[in-house]
Amino acid sequence: MRRVYDDIMATRKVDGINNFWKALAGEPDTLKQTWTRVKTVMAPGAIDALTKELIYVAVSVTNSCRYCINSHTAAARHKGMSDAMLAELLAVVGMANQTNALATGFQIEVDAAFQNGGRRTPQ
Amino acid sequence: MRRVYDDIMATRKVDGINNFWKALAGEPDTLKQTWTRVKTVMAPGAIDALTKELIYVAVSVTNSCRYCINSHTAAARHKGMSDAMLAELLAVVGMANQTNALATGFQIEVDAAFQNGGRRTPQ
Amino acid sequence: MRRVYDDIMATRKVDGINNFWKALAGEPDTLKQTWTRVKTVMAPGAIDALTKELIYVAVSVTNSCRYCINSHTAAARHKGMSDAMLAELLAVVGMANQTNALATGFQIEVDAAFQNGGRRTPQ
Amino acid sequence: MRRVYDDIMATRKVDGINNFWKALAGEPDTLKQTWTRVKTVMAPGAIDALTKELIYVAVSVTNSCRYCINSHTAAARHKGMSDAMLAELLAVVGMANQTNALATGFQIEVDAAFQNGGRRTPQ
Amino acid sequence: MRRVYDDIMATRKVDGINNFWKALAGEPDTLKQTWTRVKTVMAPGAIDALTKELIYVAVSVTNSCRYCINSHTAAARHKGMSDAMLAELLAVVGMANQTNALATGFQIEVDAAFQNGGRRTPQ
Amino acid sequence: MRRVYDDIMATRKVDGINNFWKALAGEPDTLKQTWTRVKTVMAPGAIDALTKELIYVAVSVTNSCRYCINSHTAAARHKGMSDAMLAELLAVVGMANQTNALATGFQIEVDAAFQNGGRRTPQ
């Protein structure tokens, strides 16, 4: 547990451990594997670290997860998200939820061009 | 309706209208106001157009909206999303859904530092 | 089971049993209690029968339940829903999903006047 | 912003602006377009204004949006919803959520008669 | 109402009525039919009573229902759930939410062997 | 990848790899870390393996994830779930979704006895 906590603080350049990881203190496997996965997934790759936080917030808002909205909005600010970006992010999330409901309610058929998410070759 | 359809095709540089907008053909107000809003929201601003599509896909996956996943994955590819980016996007979405459930289930208190999404000054 | 099926057909003035109730054929308790509850809840009362179907469709769209959207949209048509009403219903559902996301994402405080859903006296 | 706020107060015959619209003060486009859409969608049409509020509450409950449940339950009361109507509304919402889960879990096929939401002619 | 309340206290071997049932006091039909259904569904059968509570908590976490998470986590403890079991339960719920998102996002086809939930004979 | 696939087949005593893992073939990190986590989480511990599958199905139904419902219903059958158990499982899931909506809609306060999920000592 100590080793994971040290790695969390070193990776994030912070002095303390937030409540999420404290809640997992009694579950060493969950703690270690979840942190390992978070570290891999949130590291910059084909998508940069800030964009990944924006995506995280979008999911957390759609799930109504209060802890997650707060912790990842804070993390996104830390990585450079401005108030204007937050406003645009939530505008996209709001619109996606609206059009999702319209597409679901009207039971709209997937256009041929959009099949398989627009892949040219079969998956 | 014709004017909105022309604007959709001109804005997106495509030759046809996809099923979502066809389904709204009989509702001129919904069609016009939804398109006006989509055009504003998805235009590049503080957040670039591709990142906005990634956020859209993240919400659509979380909502299990089949039409929306396909149409916006296709749109994201059109704007430059690679297979590697899609894979990372879904890794973030998967992880966010997992940790959302953990935070909700353990009923974790929001850390003081994360209150109001980490804003320094009161909202 | 026979008695419940007869009551479903008599109450709904139809000649057959739809797949939902067939799926519950092997669970007499679930079948009987669910039907008793449906019959009570969907009967006209302080809210008329058609409005109740509209509410049912709104929930089913929000939950992405394909069977439920189809069966209750059909039931709503049977009770008088026009195409124009369906379009307005989905416009409300879409907007509610959009503003729900905005309210959740901006973490908006409940106004004093809206506390307890606007009840004048304590609940 | 002032103009939109004035229109909100005039349309709703209230003296103040609730927190939702205040939160959008910094985003003139989102404020104006969202209000325009709300005004159109919630106006009486093929469906009356009270029924639209009931539908809004149904979606908000299904999404667990605390602000939205409170603000739209208050709005529905303002437009004539009684305690008995609220109780019946929630009974329908509860039942729809239950049967949605049963239909999804048993993976029930859509009956031929319910295809396309019971439309007689192809959409 | 009195009779239902007495039955709740007798069945659960408790001295008081919790807020959920108090909230239904004004709706005798909803109170009686919901309690009858709860009593039937939560009684030990092919699945034991504790496992049923674990399933209830899993759904409540996925729905972000604060009251339900608290009341059913308490009920599960009462029926023998340990802290270790709660931790494992939430680990499964977290993982299911993660892989649900991956399966939905990648739009994975159901394997032939899993069709109809792995039933050997047609349903 | 080969090593993970071999471990999946050995652990599950099956001859092939199902589509979920095939879809992750191009993402070695996601594949390995997700499988490691699945293996840990789904192994018998304080909760037995079959109960864990039932919980998985409950979440998948609540999320409307078609692939997940089919694959984990099949897995649960493989571990001993009977048709009667599936029916009871879905009855609990249906009821939990119903009462979740009632508790959320009526905005019921958490009883003192249920605070912190009924823990005797502070968390």
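By letter and in written order, the chains are A, B, C, D, E and F; residue numbering begins at 1 in each of them.
What we mean here is this: contacts are C-beta pairs under 8 Å (C-beta built on N, C-alpha and C of every residue); 3 or more make two chains touch, one makes a residue touch a chain.
This is a predicted model, so every value here is computed, not measured.
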Output for shared partners of chain A and chain B reads C, D, E, F
Can you give the shortest number of steps from chain B to chain F, where adjacent chains in the path must touch?
1
Counting one step per pair of touching chains, how far is chain D from chain B at the shortest?
1
Give the label of the chain whose average Cα location is farthest from that of chain C.
A
Same-site or different-site touching of chain D by its copy chain E, using the half cut
different
Using C-alpha centres only, name the chain that sits farthest from chain B.
E
Cα centre of chain B to Cα centre of chain C, whole Å, reads 28
Cα centroid separation, chain A vs chain F, in Å, comes to 21
Whole-Å distance, chain C centre to chain D centre, using C-alpha means?
13
Contacts with two or more other chains, residues of chain E listed in rising order
30, 34, 37, 41, 59, 62-66, 69-70, 87, 89, 91, 93, 95-102, 104, 106-107, 116-117
Enumerate the contact residues on chain E facing chain B in the complex.
57, 61-62, 64, 66, 69-70, 89-91, 93-102, 104-107
Going by the contact rule at the top, pick out the chain F residues touching chain A in the complex.
29-30, 33-34, 36-37, 40-41
For the complex, which residues does chain B have touching chain F?
64, 83, 87, 91, 94, 101, 107
Given the complex, residues on chain E that touch chain F span 18-20, 23-24, 30, 34, 37-38, 41-42, 45-47, 51-52, 54-56, 58-60, 62-63, 65-75, 77-78, 82, 84-89, 91-93, 95-100, 102-104, 106, 108-111, 113-119
Along chain B, where are the residues that touch chain C in the complex?
26-27, 30, 34, 59, 63-65, 116-117
